[in-house]
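Below is a structure I'd like to ask you about.
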Amino acid sequence: MISKETVELVKKFRDDRDWKRFHNPKDLAISLNLEAAELLEIFQWSADDLECIEKLDKIKEELADVLCYSVLLADRCGLDMDEIIREKMQRNAEKYPVDSAYGNKAKYTELKKRG
Amino acid sequence: MISKETVELVKKFRDDRDWKRFHNPKDLAISLNLEAAELLEIFQWSADDLECIEKLDKIKEELADVLCYSVLLADRCGLDMDEIIREKMQRNAEKYPVDSAYGNKAKYTELKKRG
Amino acid sequence: MISKETVELVKKFRDDRDWKRFHNPKDLAISLNLEAAELLEIFQWSADDLECIEKLDKIKEELADVLCYSVLLADRCGLDMDEIIREKMQRNAEKYPVDSAYGNKAKYTELKKRG
Amino acid sequence: MISKETVELVKKFRDDRDWKRFHNPKDLAISLNLEAAELLEIFQWSADDLECIEKLDKIKEELADVLCYSVLLADRCGLDMDEIIREKMQRNAEKYPVDSAYGNKAKYTELKKRG
């Protein structure tokens, strides 16, 4: 979970530095992509080592950055993280019915075709 | 915030479909990047419209996807989201002291040089 | 253009360092994404400055990295860059007929709907 | 290689549709990232299948898109692809001397430390 206190901490960090004025949605979306790329970099050249367990500390840091920018984008756009996740899970439940999706990694566009 | 209940909902969705076995950290990091890219796509060709306010519903959905994969990666790697954010904020506070970072969008590597 | 000599140079650089054995398609695709992200980082926080003309040297370097990895992935997969671009342009010409696409930035899935 | 004729074809495609006016560097950099992500999507959930050989046609298409946007960004910024690649290879040769980089996938920042 991400507690209210942690969300407040992230917002306070931003406000203490007067950074809100840089935080337009387009640049926040770019920033989120850059942090996701830093997370991905951990697995560059790892070949079939899908865990990279010795780099767990780095995974921690980069995932934290992704989460921070997610919190900041949600705040900037007036979105409630809990609510948007729940709404998305409902849509996903329709796109991926348990019956056809069980143990199946196909995209919903593929699931449909196979009907 | 993201409540414990919402985290449980995301995990249940995965488990109901027996998807955990596809969820290795490398492919989850890839998935997180793909969802971040879908969020960014909203702003493709928006030029100096940095808000894309008419697409807020799409922002909701794509940010929700980013958050879901973040929850799933944290769970897969045994990480506590609250804890890793708090640890990262402490490191960031050292990299970006209020004094030099106030109203300044420079990266910490640049802040240092100018120090 | 990218000349045959330049392609050879890129391949020689790789072979001089015995790096081909790290170059599986999945990790090359990851690398291409990381370099694309470094290019994007140039525009992080640029708000409505869509040119970032003062950072042209950085754009040069990062675009070059994207091109190098594209050359390496094409080589690894046995693809002829000239040929695949030409084939894609033909497909795109069908997806984006001049009539409906002229001066229109809509995606082809949108163009269709509007018919 | 990418021939002059192919570069001209890509530019003609753009100009026939009057798309140059949408092509600012920031949005082109975003587009390049989106196409790189579509390439990466091919390997999502492939786990330790690092080739995805059965999806070669999809790799062709997505790599072609990455190359097209690279051509368009180079054109928009007045950059000569051949030249920027050659310049970058020279810089890389300094960062990755054959001696220390041979058969070694470490980043140059790591190579230095181990120096």
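Residue numbering begins at 1 within each chain, and the chains themselves are lettered A, B, C and D in the order written.
Operating definition for what follows: a residue touches a chain if its C-beta (ideal position, glycine included) is under 8 Å from a C-beta of that chain, and two chains touch if they have at least 3 such contacts.
From a predicted model like this one, the values you see are computed outputs, not experimental measurements.
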| item | value |
| --- | --- |
| Pair of chains joined by more contacts [C-beta pairs], B-C or A-C | A-C |
| Repeat of the C-D interface, chosen from A-B, B-D or A-D (over half of contact pairs identical by residue number) | A-B |
| Separation of mean Cα positions, chain B and chain A [Å, integer] | 4 |
| Separation of mean Cα positions, chain C and chain B [Å, integer] | 25 |
| Sequence positions of chain C contacting 2 or more other chains | 22, 24, 27, 30, 33, 37, 40, 43, 45-47, 50, 105 |
| Contact set on chain C toward chain B in their complex | 30, 33, 45, 47-48, 50, 105 |
| Residue ranges of chain C touching chain A (in the complex, touch as defined) | 22, 24, 27, 30-31, 33-34, 37, 40-41, 43-47 |
| Sites on chain C touched by chain D in the complex | 1-4, 6-7, 9-10, 13, 16-19, 21-22, 24-27, 29-30, 32-33, 36-37, 39-40, 42-43, 46, 49-52, 56, 59-61, 63-68, 70-71, 73-74, 77, 79, 81-82, 84-89, 91-93, 96, 98, 101-105 |
